[in-house]
Amino acid sequence: MKRIGVITSGGDAPGMNAAIRAVVRTARMRGIDVIGFYHGYSGIIDNEIVELTYKDVGGIMERGGTILRSSRCEEFKTTHGRELAMKNLRENGIDALVVIGGEGSLTGAMLLEEEFNLPVVGIPATIDNDINATDMCIGVDTCLNTVVEATQKLKDTASSHERAFIVEVMGRKSGYIALMSGIAIGAEAVVIPEVPVDYGALADRILEARKRGKINCIIMVAEGAASAYTVARHLEHRIGYETRITILGHIQRGGSPTAFDRILASRMGYEAVSALLSGKHNIMIGLQRGKMAHVPLEEALSKKKPLDMSYYEMSLLLS
Amino acid sequence: MKRIGVITSGGDAPGMNAAIRAVVRTARMRGIDVIGFYHGYSGIIDNEIVELTYKDVGGIMERGGTILRSSRCEEFKTTHGRELAMKNLRENGIDALVVIGGEGSLTGAMLLEEEFNLPVVGIPATIDNDINATDMCIGVDTCLNTVVEATQKLKDTASSHERAFIVEVMGRKSGYIALMSGIAIGAEAVVIPEVPVDYGALADRILEARKRGKINCIIMVAEGAASAYTVARHLEHRIGYETRITILGHIQRGGSPTAFDRILASRMGYEAVSALLSGKHNIMIGLQRGKMAHVPLEEALSKKKPLDMSYYEMSLLLS
Amino acid sequence: MKRIGVITSGGDAPGMNAAIRAVVRTARMRGIDVIGFYHGYSGIIDNEIVELTYKDVGGIMERGGTILRSSRCEEFKTTHGRELAMKNLRENGIDALVVIGGEGSLTGAMLLEEEFNLPVVGIPATIDNDINATDMCIGVDTCLNTVVEATQKLKDTASSHERAFIVEVMGRKSGYIALMSGIAIGAEAVVIPEVPVDYGALADRILEARKRGKINCIIMVAEGAASAYTVARHLEHRIGYETRITILGHIQRGGSPTAFDRILASRMGYEAVSALLSGKHNIMIGLQRGKMAHVPLEEALSKKKPLDMSYYEMSLLLS
Amino acid sequence: MKRIGVITSGGDAPGMNAAIRAVVRTARMRGIDVIGFYHGYSGIIDNEIVELTYKDVGGIMERGGTILRSSRCEEFKTTHGRELAMKNLRENGIDALVVIGGEGSLTGAMLLEEEFNLPVVGIPATIDNDINATDMCIGVDTCLNTVVEATQKLKDTASSHERAFIVEVMGRKSGYIALMSGIAIGAEAVVIPEVPVDYGALADRILEARKRGKINCIIMVAEGAASAYTVARHLEHRIGYETRITILGHIQRGGSPTAFDRILASRMGYEAVSALLSGKHNIMIGLQRGKMAHVPLEEALSKKKPLDMSYYEMSLLLS
């Protein structure tokens, strides 16, 4: 193996730069060249390349986003698109490809290997934390802390005005962010796709707490379960608080990565190159029980990771 | 003077607690009792009182919001409401009242003095920074830092995806927050009530910068000038970026106050009590040229503070 | 079981309050009273008690330190001290005790159970992360982020002046904080008790990187391995940088806990009470492979958790 | 005027990059080239130059430190050194020089103008805030917030263990940082060069507060007044607390600049170039009463800015 490629693809996640840094440095220390393609698969198709040396990845670990930029690429979902990509990978002498991204991005990697026998290794990076066979994805920890810090500010003003805040966070199919940040912030309720919501019962529970003397109320809502406006419409005038809405939006994707995400991304980048060097590919690097694991891509992509519902029960009891 | 009252009123602002602390401690060190009323004027009418000792205000300076809570009170805008309030103030033996809040709150204070001869001192606390005769209001500096930190996170993801973010911030009548945070973040454009927006020219300017190689674009919008959705509708497909919208909302009111706001609030609270003790009242404490000033409430409320337009010109040149 | 006691003991760690909150709320929701003792074991001996209700633990999760305060207690290490403590526990009708703290604190708990048959459950909270049989202790994640944020500030000024910073962090017997924060910050070197340091080789390696063009150098030192002054004395004039020293000190113990620590502490507090209710005791709650585990106290205290040396090798390669 | 030079010199301060950015962009928008010299005066002597375009200063405003790096230069203090520097400035076609730094750096600028008639403009950037004729220097606000955030973490652990923390901060000749951060943190005492310290009276005052029920004590010490160790030696065993020491050190110089520092630095950089273009030089840009002022360098350097002692009195009363 002489030269590997690396891309970041799909929605960006804090820690992607730390993963790029680890891929580049691990490879370079072992005499392997690294070529980055900008904009994910779209940049492979368009041949937007950059050679990455040891020094090029200095000072990037602390920065959010990705220096290789990212995109979602429709063309790559077609056979023709993948053929164009493969042609460029060959012409650039790429012996293997490391793909940093979420489910769609890893699926693309698997297709490259299956269709063209290009050795690939995937690194799970998505704030949704919905990828099977890894306990955590890169970016999740930073995202949770961002949500908690922002919601803490809302709590200040919620208490001052004795209001309920309905906070919409990311998660189209998964309630992970809403649930975990709800526990961390002490939210009164969590509305997630995994649990049907009974607005009547919810309103009663909040009203009861209000009567016991609570002066603020935070409700975390995963965007995939309901919009914050819908939740507000169902609850207002029934819970004893004025309601306000906040949609946290894209700030959840940004920010300097936490220590956890920097370390996780460093480990995964390091492991991805180490795996390739020992002949392993068509795998995703996972975090399992604290250790790095080699998960066949097919297994990683076979299903969404289910939410651990014991957290949900605990959140009800502690709030 | 034996006993003074203190309230926080209107929208909450970070630093209000530091002002309460300074009022209480300055008064207590000089042998004066302090009574707090919860929920602003509404709590005076409802006689929701709490005695505040030296110790009660320990450990509150670092907290956002206000321990005295706040509200907007329609009843107090009527003569009848103010009579009810004055009755309670008298029955509680309140010799003077310190009011911490924005324009509406200070107007209420002035009416109490004019109609009932109750000595009042106002402390300007509002993130809008729109009060005449003070260079800064309590809460503004914290709010700006919150906006800058949140928008910095958006910049990470904007660069990764080469997007434009349209960020709506507070300011119904004033573009202060949008303009100053725009300078601090290096926004490509600022849309504020004080300047009519020419979307065609704006789109051209952004597109030109895009062609020169910019990979992200931040546009700060004051809520009073336009909604972020309106701005997006005018710009999309014309600026060379995909656009995304973020409405920062109530996180702008929260958070632990900055050093500046803690110091400003401490000074203003200290000065408010000192002024009362030296026989000054019907005034607002202002920050003028770095010094504490005693501004007649009538002057403070005579007009809105205009925006210094030289900042706007500078923002165009530096972005 | 009608009434349980809870203490925080030893060095404080961010997240202790979240653990207290979870213990109290889980117990109260199941009809059990909770008595807190101030100052750890010393407060049991002195009978400094406080009843903790559902509401008493509202708004504490986000605060660093511990509302129950903490101390190290020499008297409790004697049989006489423990007899005094047990007498008070009995007189207060305490049926079981939850102890939140590090190794010494958990040892105390085990002695209470062994000598007096008091059911105890331990919750590991110490920034040293040196307790066997749990992947993480409460407080570690917050501590690492504090170290990373502070060191990031040093990197700014290190680059501006082309200096080396030698940063001493906590860890008398364990290099965990130094090593993990070193990875997260991209430190050029890590000096830890687990690895003998060869100053000559270290100086050569730094000098070589300096010659390749590096403009800053961060060396993380665990206090138990060497003092920052010793490291500086060995390196200065040999590495091509001026050296500066920073001892991070007690800021490492403070700060609002991260999302991770809040969630971990909530889970452990919840699990501690659940375990007691199901008849389990003389155990420590551990985090093993992402799940809550019941670890016999004897096993948890049988040895220090060793450092995973694969992190050390990775840190050398990536820096 | 066709080409100007810019340097950052002396101790680095957060916001220097924002000033560089404003100097470069203001000049470039008016058709003037900008040459940066690395490492301050030393880089002029060694001719370490870099041309700075509009784009080169993108994305630097949010970063601490200085992209032009900085140093203290003994050689420049000699006539010979300044002649060497002037030779390089002439050979690079530099028509005017903007110097960003503290007192020593501005003195160097004045000498260049006086001895060689090179038009110079100074921008005050130093966390000491000791420069006459400007209300604030670049970097001070960020530094204060860093000190407040770090000390807030100490307060957590101070309360948990009922300890006194003696916190040493920067300020060789000025107590500004210690005093202002002391107010913002609610320190029990402030030890500064401007006020002789009476340890007996100080110890009595702290002990009295301790007896009234305080459970933590923070004492801010300016490094120029005493070392934290000296203060600790005088106080321990006399104040009812165990004492701990923290020396904040160089983290005070780093970190992403606050909104205030970014705006101040932008204004000063913009004004420096505007002044040069309107024929003004041998001046420092000052912040006076909220406005940009042109201060003759001689006046700016005629004396140190005295500390406003009314803050000291207030700090005693509020703590």
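For reference, chains read A, B, C and D in written order, and residue numbers begin at 1 within each chain.
Assume a contact is a pair of C-beta atoms (placed from the backbone, for glycine too) under 8 Å apart; a residue touches a chain by one contact, two chains touch by 3 or more.
As the structure is a prediction and not an experimental result, all values here were calculated from the model.
Student: To reach subunit D from subunit A by way of touching chains, what is the minimum number of steps?
Tutor: 2
Student: What are the chains that subunit C and subunit D both touch?
Tutor: none
Student: I'd like to know which pair from A-B, A-C or B-D copies the C-D interface, where a copy means over half of the contact pairs are the same by residue number.
Tutor: Answer for C-D: the repeating interface is A-B.
Student: If we define chain centres by averaging CA atoms, which chain lands farthest from subunit C? Would you check?
Tutor: B
Student: So what's the Cα centroid distance for subunit A and subunit C, whole Å?
Tutor: Between these chains, centre-to-centre, one finds 28 Å.
Student: Starting from the mean Cα coordinates of subunit A and subunit B, work out the distance between those two points in Å.
Tutor: 35
Student: Roughly how many whole angstrom separate the Cα centroids of subunit B and subunit C?
Tutor: 40
Student: Send over the residues of subunit C in touch with two or more other chains.
Tutor: As it turns out, subunit C has residues touching two or more other chains at 152.
Student: Please list, in label order, each pair of chains that touches.
Tutor: Touching chain pairs, listed by label, are A-B, A-C, B-D, C-D.
Student: Which of the residues in subunit A come into contact with subunit C in the complex?
Tutor: So the residues of subunit A in touch with subunit C come to 21-22, 25-26, 29, 55, 58, 61-62, 135, 141, 144-145, 147-148, 152, 180-181, 183-186, 212-214, 256, 258-260, 262-263, 266-267, 270, 288-290, 314, 317-318.
Student: For subunit A, which residues count as touching subunit B in their complex?
Tutor: So the residues of subunit A touching subunit B come out as 8, 12, 14, 16, 63-66, 69-71, 146, 150, 152-157, 159-162, 165, 215, 244-247, 249-251, 253-255.
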